[in-house]
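Once you scroll down, you'll see the structures, which are given as structure tokens.
Paired with chain B in one complex and with chain C in the other, chain A is shared by the two complexes that follow.
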Partner chain A sequence: MSTPNASGNVLLTHAVGLHARPSVKLTKLAKTFGASIDIAPGPDGPWIDAKSIVRVMGAKVPQGAYLHFRAVGQDAAAAVAALIGLVERDFDDTPADAASG
Partner chain B sequence: MIPPPTPQAVEHRGRPAAPGVAAGPLVRLDRTVARRKASNDPRKECEDLRAAVAAAIAEICELAGKVGGDGADILEFQIAMLEDDVLIAPALDRISAGSDAVSAWTAALAAQIADYEATEDDYFRARSADLRDIGDRIVRHLAGEAEAATPEGAVLAGEDVTPSRFLSVDWSKGGGLALRAGSPSSHVAMLARSRGVPMVVALGAIDLDGHATVIVDGDAGLVVLSPGEREWAAFRTARATSEARGAREAEAAMKPAKTADGVAVSVMINVADPDELDRLDPAISDGVGLVRSEFLFHGPAGLPDEEAQYRAYRRILEWAAPKPVVIRTLDAGGDKPIDGLTIDGESNPFLGTRGIRLSLAKPEIFKVQIRAILRAAVHGNAKVMLPMVTVPDEIDAAAALFDEAMHDLIEAGAACRMPPLGIMVEVPAVAVAPALFARAAFFSIGSNDLTQYVTASARDIAAVAALNDPAHPAVMSLIANVVRVGREIGRDVSLCGDMGGDPAHLPALVAAGLRTVSVAPPLVGRAKLAIAAIGAAP
Partner chain C sequence: MTANVGIVIVSHSAEVARGTADMVRQMVGDEVPLAFCGGDPGGGLGTNVESIMSAIDQAWSDKGVAILVDLGGAETNSEMAIEMQPPERQGRIVVCNAPIVEGAVMAATEASGGAALDDVKRTAEELYPG
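This part shows the complex of A and B:
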């Protein structure tokens, strides 16, 4: 990825980490943006494609990790802001449906 | 049903994973060995693989529409995985290199499965089952096999079962699961419990060949292959008992517990993981009598930070509010070691640095938990109890840390509240002389550890397990002593060990004056029924 147009990080507080349901939500949201978006469990990577559920789940990010985002493209800033927002809102998970997380 | 004449009935014991009893035709879960003729044309192989993936996605979408709820979430994840080209790319590469579609797909997925299986995190490791599920489905499509229909009321038996296989069965007509492997904490076990499908796991290398009918007893963890007359009679009795008891327990769980002679007893629940609460109606309990906070300390990310703990405690408090939630501070050590926290190599960990001893020895870690509790306490009716207290000074030392953290939080402008600080009564020194511990706001008897320390016998050492009897008169007399002294000095006394949910012990506990027990959630109904029978005319 060339120099990112936007980047940011957020503490992953979801009760069980970046599991199936949160990963599905995150990749679905990422795909709504034209920018290419990378995600990493630390500031030094490894950077993975935020639009690939296989890669995002494969990273097996536990709760308590800082998720780092970087994006390149027209809507890069909006993409990073939206993804951080999703994590901050705990993936819009209600306690009632977090069990199968 | 007519019992088959042969072969001989065989009984196997496993672990109960979902309660209830079921019987029906045996349906083998063994993986289909799909046969497909390879075309030797890489382009055709790639096309077939893509077509199989598309067909599988359509099939899972249809299934997801039918099942709904938590089952649909698992399927939605599988769909997202299949829609991701990254999953298929390595298989396409293998085909280009000369492999056929089935071998390429199987090998590519095996690498992914191995990667998940190598993880320490239980959750991520369990996702290997989802990948196997996806893998099998694609192979079936490549081979042009339709999913085998499961007859009504069938008992699925084999190595393990995939979530989509489980969800493809209409369980409303009965049926059950008998697995050689599997775990009570698997996704499928969770689904089986919530759908009332009897399930036994960990049966070991049992031989299913030649058997056509199975009985599954999910209460006893028992599986009977090819039952005979005698086993059918036992099954009918067990089913009638299980159904009647399940219905009575479910009904009793929703009502306050009261003995036949009118004594009210509070029944609370023990909680380890906040996720357990999602399927529970708060109305079944009088609150949470024990939060085993050590559950938070076993994650792959190491020790939980303040935020993670705060969220977990807050979620439990909000679930129970306005009923009380008793958070036990970290009870590590003994049989609950935690990497990087408990002290390795102690000659006798049960008599070593565990419970409050460990927390006071590691104040920097204890203070993180204290801050999280103080902040969460504003969201409900929180109480705190200290495990393994042996001398009153430990309460004072802990209270000083709570005061200090409270002061810091107020200084920082954080919302916080000081909950009442009670203690576990599990060290005999406290049970013998509870009046010395009046500094505690309440007492909660930990009958498991108390029994083990009073009888000097561990229940996980088979040779002495029989000595580990909570009904030992010495244990009962200490419990009665704690209840009596608690009443004299005005401290509430509850009990949160296994005996509190055991119908065999409840009469003696209530007779000793105990009025609050805290039990595992599935035992609430059973405990309330046992309480209702106390004092009834024989």
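This part shows the complex of A and C:
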């Protein structure tokens, strides 16, 4: 049996893109899953480790980009669904957070 | 035991130390043991070994403690504070070679996921390598 894998993408609507606070939230959520998870600013990459706060923040994915996810591991599908949910909820930010990045 | 590596912030300025700790709490959350110290008792700038030792006690975790410092004396006094720890803590406290604010947020983010001390230190230092 092959290892489960999953992928998906979501439009990044957050006002400042994938900046400091959204990056921390995304990384923390990714770390709660056993699956290995990569994110990319487009379908062709460059793929970076979603559990690396330094790389996620360093990617500087802008508002309006489609954030792509791919995951491999037993909880891959749940991981991708949860991460897409976080982006769709605008990282659970308050409006004040969004304004200040 | 606490499941996550603790973070200690040591600045010459009490306000920088407190502000850095605020950023960690607000950006990362409460799941990482965190303590900070800075300034001298008279309200001026400075660091001292006793305050650092007390901060290490506050943030202590069996998984270890990562210290973020600003300049000169913050680093040397942190190293002295580590040397004065009991033997069972030796080797489980490290000073990160990283900028204090950014390093503290990076280290705490890594620590919040249950990472080992080496990984927490490496993550803090990865931001501005060299």
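Heads up, the rule we're going with is that the second predicted complex is superposed on the first by the 95 of 101 C-alpha atoms of A that agree within 3 Å, B and C clash if a C-alpha of one lies under 4 Å from a C-alpha of the other, contacts with A are read in each partner's own complex, and residues count from 1 in each chain.
What we mean here is this: contacts are C-beta pairs under 8 Å (C-beta built on N, C-alpha and C of every residue); 3 or more make two chains touch, one makes a residue touch a chain.
Predicted model only: the values in this text are computed from it and were never measured.
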Three-chain arrangement built on chain A, chain B and chain C clash or fit: clash
Touching partner for A:54 - first (chain B), second (chain C), both, neither: both
First, second, both or neither for A:21, with chain B first and chain C second: both
Contact breadth on chain A, by residue count: chain C or chain B: B
Which of chain B and chain C A:64 touches, first, second, both or neither: first
Partner chain in contact with A:11 - chain B first, chain C second, else both or neither: first
Which superposed partner A:32 touches (first chain B, second chain C, both, neither): second
Steric overlap of chain B with chain C in the superposed model, located at which of 62-70, 224-232, 350-358 or 386-394: 62-70
Chain B and chain C footprints on chain A, overlapping residues: 20-21, 24, 27-28, 52-54
Chain A partner contacts - residues on chain C that touch it in the complex: 27-29, 105-106, 109-110, 112-114, 123, 126-127
For the chain A and chain B complex, residues of the former touching the latter: 11, 13, 15-17, 19-21, 23-24, 27-28, 49, 52-55, 57-58, 60, 62-65, 95-101
Contacting residues of chain A [partner chain C, same complex]: 20-21, 24, 27-28, 31-32, 51-54
Chain A contact footprint on chain B (complex, rising order): 70, 73-74, 76-77, 80-81, 83-84, 86-87, 112, 115-116, 119, 121, 123-124, 127, 130, 187, 190, 274-275, 277-279, 299-302, 304-305, 307-308, 311-312, 315, 318-319
